[in-house]
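Written below as structure tokens is the structure these notes are about.
Naming follows writing order (A, B and C), and every chain is counted from residue 1.
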Amino acid sequence: MKRSTIDLWVGIFVAIGIAAVTFLALKVANLTPQSSDSTYTLYADFDNIGGLKVKAPVKSSGVVVGRVSAVTLDTKRYVAHVALTLDNRYRFSRDTSAEILTAGLLGEQYVGLTQGGDDVNLKAGDTLAITSSALVLEQLIGKFMTSFGEKGGDSHAASAAK
Amino acid sequence: MLETLLFPFRHIGHLTVNAIWRLGFACRFLFAVLKASGQCFTRFGLVVREMYFAGVLSLIIIIVSGLFVGMVLGLQGYNTLARFGSSDALGALVALSLLRELGPVLAALLFASRSGSAMTAEIGLMKATEQLDAMAVMAVDPLARVVAPRFWAGILSMPVLAALFNVMGILGGYLVGVVMIGLDSGTYWSQMNNSVDLHFDVVNGLIKSLVFGIAVTLIAVFEGYDATPTAAGVSSATTRTVVTSALVILALDFILTAFMF
Amino acid sequence: MSSDPFIEFRNVSFAYSGRPILKNINLRIPRGKLVAVMGGSGSGKTTLLSLISGQNRAQHGQVLVDGRDVGQMTGRELYEHRRRMGMLFQFGALFTDLSVFENVAFPLREHTRLQESMLRDLVLLKLNAVGLRGTQELMPAELSGGMSRRVALARAIALDPQLMLYDEPFTGLDPISLGVISLLIRRLNQALGTTAVMVTHDVHKSLDIVDHVYFVANGEIVAEGTPEQVRASELPWVHQFVYGEADGPVHFAYPTSTSLADDLNLGDVNHA
């Protein structure tokens, strides 16, 4: 095997490796801005975050604008304190509301932002004032069962009266 | 009577002492190789030559196996996901299982049986035919000239092979999921995009493959250098390389996974 | 013998994991001479070579090469020593992954910074010296046993060594190749003026070319002399070795403490 042939093949090999890593980085992974230069952080407090996880997407009108970067419990008020890392390109007004939504019936949970009408935009480190908590399925079913049980009791009582 | 009762314990003790002795020996060997590695970087041609044998010649097996593993993941993943009505998540399933576990582990196992065993056999035969002695007598350190280039070539080749394995697997999953079964191509990629994180999944997977590369190549060159210089010795050293590599890869994978994810 | 020894062994003993291989060896090899060390298999003669090349170190005594003790050398000094030394291994030990040209060029590439054209000329000269110019593109697997031994010889003399060591250079060769190799060894010794030590058990071929012979048996030097003295020797051991007799001071049978009848359990038959 000639030296130049070996060099050529190893060159191709390394190029394939670089191409593969680039493919994985760009096409497979979401190359969201990582550096702090191009992102800013907002906070939001929720009564209940349900199944929200760190790295869950933050969407506005369905467009991913950032990620959940931290979830902590505020031990004074006992609410969930969620840090949202947002892309610098997207700015939101002071009265923007945040809610925790679910993709599909059983899908992953994400934070939805709805732009308000205020002219002044939120700055880095601000806290979103208007939030609504996650819909927790058990509580939903529980409420439904309670109301269903009341109705069922009524009909039972009605039939007994006959 | 007591002898027969004590025999199993004595045997276990012997095996343990032997294993620890070899581990220590391998560590010293690693330091010796690192110390003798200077020449590899001034004469990089030596490493390039070994990368040809370790890396380029493994391309075919990595590409074909990657493709098939991806296709199997696509089929099995679809069957399971469809039962829960979430076949859209196929892209995420294929990409995550490959990037985090299957890619680095399977590529390393293939690398150990394809290139690791070849390295052991080559170095072992060089020892058996006095080529290493001849080199030493010519005032050339066999560790620097024979072992170190192979060591570094293996370490450099492994992440490339693992990345290629991942890409082929993801394409294999695409082939089955999108082309054969008819899922939406956009969903396949966007689901993948949403769930795969560059640092968390891609980079950690590559770190894994780098660690496996170091382990497999060290085992391969150590077994070769340590082989009994006979035909039987070289063949049992080659077997030991494949077996030890497989065990070490899986054990390391568990440890790394516990730390990373 | 000459008073200017190039290699000198002074009371050298060597044991391998407790088993003595060489016992109290004393020998002097003069500069520029071709000396053979003969002995049966396992007599310790290859170990003697490895003490000169520094692959093993003597536990007792001194191995002096050009006035310096090989056993006391540091790693760097040992490499310096080996750069002035060439060694022909028993089966050549060519690098099977390199071509004939690269094999001969190997020591030159490792130890010198020659230009490629000059390196090529040197390699061709060395190959020409062993009569194999024209084989440089072949791989070692394509060579016959005799040819690969000659390529290995060309590689060993690539750096024009002051000292040549030959480990069983005649083993496994047909008579013609054997003649070629012995001629080359003799010619190289005369042309380059190197001191050469040859370990062999091929009596007749080596007696034709060497200046002096040492006989080693059981780790000791049992006899020495010029080829003429050896051929005429009355010592029973030397006579047996030189003329290849099956029985003599060296017994045909391996020494055992039991008799054949005992080993075959024939004794029991009588008792029964």
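Here, contacts are C-beta pairs under 8 Å (C-beta built on N, C-alpha and C of every residue); 3 or more make two chains touch, one makes a residue touch a chain.
Everything quoted here is computed from the prediction, not taken from an experiment.
Peer 1: Please identify which chain has its centre, taken as the mean of its CA atoms, farthest from the centre of chain B.
Peer 2: C
Peer 1: Which chain would you call central, comparing Cα centres to the global Cα centre?
Peer 2: Located nearest the centre of all protein C-alpha atoms is chain B.
Peer 1: I'd like the Å distance between the centres of chain B and chain C, where a centre is the mean of that chain's Cα atoms.
Peer 2: The answer is 43 Å.
Peer 1: Measure off the straight-line distance from the CA centroid of chain A to the CA centroid of chain B, and report it in whole Å.
Peer 2: 36
Peer 1: Whole-Å distance, chain A centre to chain C centre, using C-alpha means?
Peer 2: Between these chains, centre-to-centre, one finds 78 Å.
Peer 1: Going by the contact rule already set, what residues in chain B reach two or more other chains?
Peer 2: none
Peer 1: Under the definition above, what is the set of chain B residues touching chain C in their complex?
Peer 2: 122, 125-126, 129-131, 133-140, 145
Peer 1: Which part of chain B faces chain A closely enough to touch in the complex?
Peer 2: So the residues of chain B touching chain A come out as 45, 48-49, 51-52, 55-56, 59, 86, 95, 99, 157, 159-161, 163-164, 166-167, 170, 189, 192-194, 196-202, 206.
Peer 1: Can you name the residues of chain A that touch chain B in the complex?
Peer 2: Spelled out, the residues of chain A in touch with chain B are 1, 3, 6-7, 9-10, 12-14, 16-17, 20-21, 23-25, 27-32, 34, 55, 57, 64, 106-107.
Peer 1: Within their complex, state which residues of chain C touch chain B.
Peer 2: Interface residues on the chain C side: 53, 55, 78-80, 82-83, 85, 87, 89-91, 93-97, 106-107, 110-111, 152.
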